[in-house]
Amino acid sequence: MTATRRLTDTFVLVLITLAVWQVLHRIAGSTALPAPLPTMSYLMRNVTTARFASNAATTALSFFFALLLAYGIGLGFGIWMGAHRLSGAVGEPILVAFYSLPKIVLYPVVLLIFGLGISGKVAFGALHGFLPVALLTMGAIRAIPPVYLRSARTLRLTPWQTITTVLLPAALPEVFTGLRIGFSVTLLGVLLGEMFASKAGLGAMIMTDMSLAQSEDMVTVAILLFVFAALANAVLLWIEHRLHRRV
Amino acid sequence: MTRVGWLRVAVIVALIGALELACRSGLINHQTVIPPSEMAGALWALLASGSLNADIERTLGMIALVIALSILLGFIAGIALHALPRVRQALEPFFATYYAVPIFIFYPVLIAIFGLSVMPIVLIGVATAVVAMIIATLNGLDRVPGVLGKVARVHRLGPIRTAVTLQLPAAAPYLFTGVKLSVSYGFIAVIAAEFILSPAGLGRDIADAYADFNNRRMYALILFLLIVATVVNAALHALDMSFAERRRGGRP
Amino acid sequence: MEREVHARLAAVTRVYRAAANHPPVHALGPVDLDLRKGEFFAVVGPSGCGKSTFLEVLAGLQPPTAGTVTFEGKAVNGEVADGIGVVFQEDASFPWLTVWDNAAFGLRRNGVAAAEIRRRVDDALAFMGLKDFARAYPSQLSGGMRQRVCIARTLVLQPRLILLDEPFGALDAQTRLLMGDEVLRLWRRTGATILLITHALDEAAMLADRVGAMSARPGRFIDIIDTGWPRERDSTIVAEAAFGEITGRLWERLRGESLKALGHSGVNAAAAE
């Protein structure tokens, strides 16, 4: 009974959202905010256009490399600061402070250093993404119960065995949370980068649409990005729950 | 300050010092990054001249407005949702996914609707910050111990007195976390919006300075925003930590 | 009957070095003890007296600051020797492995043949009463059962010296008595030397061949009592008169130490009230 109730509730919510959208469309006008139904049909057509495909590919490429960097740097920092007490104690507040800053103000610096091409977006995305990965990895390692390490020693494991068979599995759930959050944050960083002084990528495409008053295109691209991010997050969350269930 | 605190100061000073040296020695191109001392000097000159005051007022004013609105609306919405568990449950997946999605990408759509004015900036700012406050409010209200309600009935307190004297203080530490997050999201969203596209404001100034190759002005402005944001966030964080004791119930 | 010495501590002390927020801590010693092969030795003392430190130094988890530790004739210093098994106070079961995999964990790393692993693990789980839970995860089990998983993990390695650090601390009194019977079964079956750390006088008095009463910090043995129990014993010996005498003697020795651990200045303060 609760399952069907939940479903109907969600359905009602979706209907309400669409109704509000329709009302806003009436108020704002077609050029500003297209109506829901035309937008849906446009969405189907848009996805197959060459313009969309090439911009999506650009964003995907930047995102992929930014994510690799963010994960690599984040894990590196996280493991070091988690294992080395003093570095962790000194560095954590610095990272936390950096996390809450409006990093957009550093984008011009990133552009000056890395140039206007793909490297700028990759660097900016990684700048956003490495922080949650580092902070959560550090937390995960610190949270490993000391008795695990003592057990590893009484079982006479080699350092390598201790790391791979005890420390890694013990830290994995929380590290994965960092990777999941890093995923969304890196995507945001890349898109932000594309919205400023860029000619390629979905972020740039939205800005162009805005200046050309192509609101249908704008809204559909935004929706597609939302759906992508939401789905990816759902998948990662599912994996995360499987990892956490055994802890 | 503790030993770790001094070490941290030393690390930060060392990093800034290294940057200074690298810039002055020519290791870093003057076209790319200017020495921190020059940044500070340029900022001082700008502030002293008063030419920045209008933009400072505008940007900080908008941030303050966004924060105030987010906290107020978020708090009220949180209370309302807490009283309507079925609606809350239906919205749960929405809240869970909200910050995984690049909400900011909607900013250009808002500009298309409202034109290039303060409205889109305020709206995107509130949209970004309000959900954090809603979640924190729900969290805080969840964690009000059930026994407090019974205590209130034993003392025959009315609903308003119960809310104000018992539930609010019990939920306060969690509410404060929401405030802290709203502030930091408010800064991030408003400045990003000004930077990407805005008629005026410090974010717009930085974008203009970048386009004009005016590094001194650009770095001075960047420094200013970084300092303001860091100081405000740090102060709130310190306050939040003092609440953390209460959140854990005094347990270490 | 003089049995051979299995492990020996000679003039062992352990001092924790000073750190940023505390001066050096003289936690243990000097301690002298000869553990006889196959005996059941219990160490009992007030909280914080250094019992756990004693166990860890003996196991090789911590190096002694002074003195020597030998196990089967070889020196022990900062590294855990082959043949020693330890069951800790905290839950050391790995939540990401099933009960079966937890038990098999130590064996897998040691290059033991798969068939032998299966035999030993099935055997140990059956002995500990966990056969029906082999496929379960520790998070699905109670605290007591998780401790049994840890004991099984130690058992499969067939240790000759088993160290137990307050393994039943978190359990209620009746369960503790039953677990005590389990440990005695374990002892008789493996023939290993057992060292049990506990703060419970009755537990020590009931289980051990010899009981070492440890003073408040820095921990030293103020008495070692021979219980004289027969090997085939169980928790029903709590009814014997000798049990009351042994427990009484232990408390006589330890009452003052416990008060010291609580912060009072010795027996006189208590006598005055």
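First chain written, first letter: the chains are A, B and C, and each begins at residue 1.
Here is the rule we go by: a contact is a pair of C-beta atoms (placed from the backbone, for glycine too) under 8 Å apart; a residue touches a chain by one contact, two chains touch by 3 or more.
Values in this document were obtained by computation on a predicted structure and should not be read as measured data.
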item	value
Reference chain C; chain at largest CA-centroid distance	B
By count of C-beta pairs in contact, the leading pair of chains	A-B
Central subunit by CA centre of mass proxy	A
Gap in Å, rounded to a whole number, between the CA centres of chain B and chain A	19
Cα-centroid distance, chain B relative to chain C, in whole angstrom	53
Centre distance in Å when chain A and chain C are each reduced to the mean of their C-alpha atoms	49
Of chain A, residues touching chain C in the complex	145, 147-148, 150-151, 153-157, 161, 165-166, 169-170, 172, 245-247
Residues on chain B engaged by chain A in the complex (per definition of touch)	4, 7-8, 11-12, 31-33, 86-87, 89-91, 93-94, 96-97, 99-102, 104-109, 111-113, 184, 187-188, 191-192, 195-197, 203, 206-207, 209-210, 218, 221-222, 225-226, 229-230, 233-234, 237
For the chain C and chain A complex, residues of the former touching the latter	56, 59, 61, 79-80, 82, 84-86, 88, 90-92, 94-97, 105-106, 109, 137, 139, 150, 153-154, 157
Interfacial residue positions of chain A with respect to chain B in the complex	6, 9-10, 12-13, 24, 28, 31-33, 86, 89-91, 93-94, 96-97, 100-109, 111-113, 180-181, 183-184, 187-188, 191-192, 195-197, 203, 206-207, 209-210, 213, 215, 218-219, 221-222, 225-226, 229-230, 232-234, 237
